[in-house]
Amino acid sequence: GRAQSATNISVGYIADFPNASVLAIADNQKLWEAEGLTADAKVFTNGPIQIQAMGAGSLDFGTIGPGALWLPASGRAKVISVNDIGFSDRVIAQPDIASIDQLKGKKVGVPQGTSGDMILRLALEKAGMTVNDIDMVPMDPSTVVAAFASRQIEAAGIWYPLITVIKKQVPEMKELAANADFYPDTSFINTLVARNEVVDQDPEKVKKFLSVMKKAIDWRAANLDESIELTTAYLNAPKEAVENVARSRKLLTSQELETFTKDGTVESWLDQFNKMFVEFGQLKEAMPPKEFYTADLFLSA
Amino acid sequence: MNPKISFKDVSRTFDVAGRPIFKALDRFSLDIEDGEFITVVGPSGCGKSTAMNIAAGLLQPSSGQVVVDGVEVKGPGPERGVIFQQYALFPWLTVRENVEFGLRLQNIPKQKRREIADHFIDLVGLKDFAHALPKMLSGGMKQRCAIARAYAVNPKILLMDEPFGALDALTRVQLQDQLLQTWSKERRTVMFITHDVDEAVYLANRVVVMAARPGRLDRIIDVGLPYPRTEEIRLSPEFATLRNEVWRAVYHPAAAA
Amino acid sequence: MNPKISFKDVSRTFDVAGRPIFKALDRFSLDIEDGEFITVVGPSGCGKSTAMNIAAGLLQPSSGQVVVDGVEVKGPGPERGVIFQQYALFPWLTVRENVEFGLRLQNIPKQKRREIADHFIDLVGLKDFAHALPKMLSGGMKQRCAIARAYAVNPKILLMDEPFGALDALTRVQLQDQLLQTWSKERRTVMFITHDVDEAVYLANRVVVMAARPGRLDRIIDVGLPYPRTEEIRLSPEFATLRNEVWRAVYHPAAAA
Amino acid sequence: MIGLNIVALVFGLGFWQLVTSLGVVGLPTPVQVFNQAIASISSGLLVSDALASLARVLTGFILGIAVAVPVGFLMGWYPTARGLIEPYIQFFRTIPPLAIIPLAIVTMGIGEVPKIFVIFLAAFLTSVVATFQGVISVDRTLINAARVLGARDATIFRRVVIPASTPFIMVGVRIGLGSSWATVVAAELIAAQSGLGFRMQQGQLYYDLPVIFVSLITIGILGLIMDRIVIAADRRLTAWQEKA
Amino acid sequence: MIGLNIVALVFGLGFWQLVTSLGVVGLPTPVQVFNQAIASISSGLLVSDALASLARVLTGFILGIAVAVPVGFLMGWYPTARGLIEPYIQFFRTIPPLAIIPLAIVTMGIGEVPKIFVIFLAAFLTSVVATFQGVISVDRTLINAARVLGARDATIFRRVVIPASTPFIMVGVRIGLGSSWATVVAAELIAAQSGLGFRMQQGQLYYDLPVIFVSLITIGILGLIMDRIVIAADRRLTAWQEKA
């Protein structure tokens, strides 16, 4: 039976390990009940649609990847917590290309505005190049797989588990850059976000939600194998793919996140992204992280 | 007494791109009395159907007007029954449903509707084809179905465009006599187009002869023969004289005005 | 000499769901000699059009066969010209284009095609309407256009289904005489359906009388009158006798076999 | 006909098997897809997805047709209505459903309503054009015949225009049906929790081709079945036509 | 008619202005969009995008129609062809263009070919249904009339079936035109460097609503203009019809 005082919340997520695991754990460990919450979890295919749904008042909380961070940075939602850090993004190339330098003038496929796009730009920057030096071909993720596997493009900014699929077709492919190359300065963080109105009008609700999430994050860090099991069942997804992703990520504890929040690391990550968004042209000007990351709520939850 | 139908200087032109304006009907004037039977004859393309369609309210005159019962015709109405030269059956309805179409619109109850429809279907000899779709009918049968459909709504005025054109001689004579009978019994006003001079004389109070290029009224011939018309009358010398008169009128028209 | 067209025990049934099989044509046999002019009369719905469509190759017989020039008919061909009861003009072509349609298929050069088409358009009195679309024509004009179209391809066999049904009396007589003229001059074989007993006798070598329910051959009446047929012949007592004979044959048929 | 359909099917499967076993493209083989289908069926997911999508498509599609027929009539019959409505119809027909989604979310939230709306729109926009063309192609003689028997516009619409333009409406219905199914994938971007389009997108997340193919083929088969039903209805409704 | 169109337009703009100025939905106002349009025009981007998309749509659309008409004829005329082809057509009609794209890339690369192919497919699949229905709806009497004049199948197709089914083909053409434009956005997912659909996706990426709207409206307007051209052609081609 539902507790008398239960508060209903709606939570959006993307059906992959980093975004769904916290919800799977919260369900399995009955963490919602403990906080008197009843969560209605809704699956989405990407972050921006969750933010749109928030704009329409249909969603309270969501989980988004780094590519969608410009939405909170332009005031459309609030970041309430970091979830984890991804290490699945790569710049990959056909077997005959050995370094970023050799990408000059080559066709590089990239899903624009995603973490794949970011890692490509970071890698180019590191090699002293920009996107103008390559023939950047914007395409959506599954198209990148098809195009790379059939050797229509020479390189791509893309991520696991899609790279697993590509590897089956092109076993000799090269990985020219990975998230680890830029960590910790640039961390491809997954974040939890909340609708602006919820943060403004019902901070208690946010705190309750955050305290559930913190517990789930800790449980996940401590019980990775079980978390993978739970998430696989929760998503009906192929176990292998979930596992590969799960093991590639850096799973922080709430303790660590609190520390990073206090010492300004989180804000510097967000700031790092803000700069990128402005550079890419996605934002004309970004709000300072202080205004869209609710550090106080996170710490007090 | 006012005429039932009055054509007042009705003209109709057709404007076909790239050619001079074509006068299908030129200042056509005609009064048809209540209860009168008028037949219209004239060479092919002289504007007979055009005149009738204007009276039916299906075609706008370019100038002039048609007045029915003192009111200018603005559109069609069920008091003016029309039989079209090209039948115009509803191909998705059976013979009976076609005949019942007009009755439905008058909200006649099902039972009654059925009765009336069956009566007229029988009258035109389509009893065994009540359930047939138009595509299963022969040319003459289609025409008979159209006749039954027009009769069924019992209009005070009947505008008939070569209604018996596709019928064999016997059926034709039967339907002619049938038409004359109900006409006299129920005091209908009939405007009947035909290209059969015999038929024109046999049926009419007056035969209206039209001429072509431009389509116009040429002459009106009074048929002084008594009703009911019989086979005897058809064989009489008076009939022969009238027939010749109409024939001559049609084929040696006066010069255009 | 072999007959030009030979109907051999031709039957045709129509299977309309939910009703007993309908015999539109029942064991119809008829030999038409080369150069013969046959007219076909009979009550509406007796299978005249059905028989003709089978000869044209447009309808499959349920049993039996039609043999033309010693070869079984399997489909239509330009050597058998057809005039349909419902005209069947191509609505997107002008009168001239309709008439030229068959000529194009024979790869006749443009100039020549034009000449032939204009000749026949003139023949049926549509000279001024060569550029008109079918929708701009009156009923009789449409029929005349269909006639011109069939004549233009100069077929050795003409299958004509009530071709003059919608024409006024004068045009009709003109076209009858015209038809007889080219028929005798160019030795055509003609099968001509009509519901006009006068017309049937006036044109034919032999009049084929059909009966209905089931549609079948009832009787063949030899018309012993000489060609060319004239107004005089039409008014002769022999003509009147034949006419009465045909009339009686049509309307008092022998009982079904 | 069914025999030929099966020939076509077998041929198609053979071709697919050939292409994939040669390894020319990175596609799953028919056997892999079949196995995935079995797995999806036994887990019950395929059935629940199919039902979810079917419910959306049916609702959106039927609503779309039901609105398209009278609107098409209005446009065909009253030039004023045509002048006012047509630009919008033409305009929205060129806009991809993907572009409508943000608007649908903003105005209708993320429940079933916006999903059905997107499908409705697809079905409506295609059918309305066909109905309109049907209405203006109705033989004028038949309309005149009805008018002289005393029929008013409403009656003429119901008893003459609709039956006479059934062949056109059927074109709209069939194309609309295809569009509805093709749109269900886009519609299920809107926070669907199940459905064939949703499952396909999930498959795309992992590039799980067998899952994608099972969804696509199920959509294809359901579409095909519904199309057969429409054709059967069409055959009954237009039995009066003299067909070539 | 044009007058009414303008009334409709003004009304629509007014409504849009009203809704946005009330701030009920997060949409840009007409003025904002207009300013963006001016900016895009003066930067030359709008014109080059429009030309790029137009070229793709025109090519794909014309090819689609050109193939659909004979295929529709084959299907309507020869039951064997129909039995073999129809299941595929029905099947592919239900599959969203987005799902075709990876396949198109594998087989056709990332140049213009796959983009045009996707548009071609959209136009073809809708038109073929309409043509097919047109072919089977042709009055049998007209076909008979041609046959007795000596016409063979090829001639009947060209000189009778096509003109007689123009009203149907036009439905296909108009719907196909809409689909082509609606598909251009999906097609330009395939590694496009310019084009209205490409620009729209850029806009979506940056949530730049004015840019999205300018693209959408340009697509709508170009679609509308092409539709008017089709209608004008239709009017010429079917002037022989007695219209209601």
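Residue numbering begins at 1 within each chain, and the chains themselves are lettered A, B, C, D and E in the order written.
Everything below uses one rule, namely that a contact is a pair of C-beta atoms (placed from the backbone, for glycine too) under 8 Å apart; a residue touches a chain by one contact, two chains touch by 3 or more.
This structure is a prediction, so every number in the text was calculated from the model and none was measured.
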Next item on the list: Would you pick out the chains that touch chain C and also touch chain E?
Entry: none
Item checked: Identity of the chain that, by mean CA position, is farthest from chain C -> A
Note to self: Rounded to a whole Å, what is the gap between the Cα centroids of chain A and chain B?
What the structure shows: 82
Margin query: Rounded to a whole Å, what is the gap between the Cα centroids of chain B and chain E?
Written below: 49
Checklist line | Where chain A touches two or more other chains at once, by residue number | finding: 55, 142, 145-146, 149-150
Next item on the list: Check each residue of chain D and list the ones that touch at least two other chains.
Entry: 25-26, 106-107, 141, 241-242
Notebook entry, point to check: For chain C, which residues are shared contacts with two or more other chains?
Noted result: 86
Check: When you check every pair of chains, which ones turn out to touch?
Finding: A-D, A-E, B-C, B-D, C-E, D-E
Next item on the list: Show which residues of chain B lie in contact with chain D when the two form their complex.
Entry: 56-58, 75-78, 80-82, 84, 86, 88-93, 101-102, 105-106, 133-135, 149, 153
Notebook entry, point to check: If you look only at chain C, which of its residues touch chain B in the complex?
Noted result: 14, 16, 18-19, 41-45, 48-49, 85-86, 125, 131-132, 136-141, 144, 161-162, 165-172, 195-197, 247, 250-251
Margin query: For a test of understanding, state which residues of chain A touch chain D in their complex under the given definition.
Written below: 12, 14-16, 42-45, 49, 52-53, 55-59, 141-142, 145-146, 149-150, 161-162, 165, 168-169, 235-238, 241
Margin query: Applying the document's contact rule, which stretches of chain D touch chain A when the two form their complex?
Written below: 25-26, 43, 45, 101-102, 105-111, 189-193, 198, 201-202, 204-208
Checklist line | Contact footprint of chain D on chain E as seen in their complex | finding: 1, 3-5, 7-9, 11-12, 25-27, 76-77, 79-80, 82-88, 90-99, 103, 106-107, 125-126, 129-130, 133, 135-141, 143, 161, 167-168, 170-172, 174-175, 177-179, 181-186, 197, 200, 212, 216, 219-224, 227, 241-244
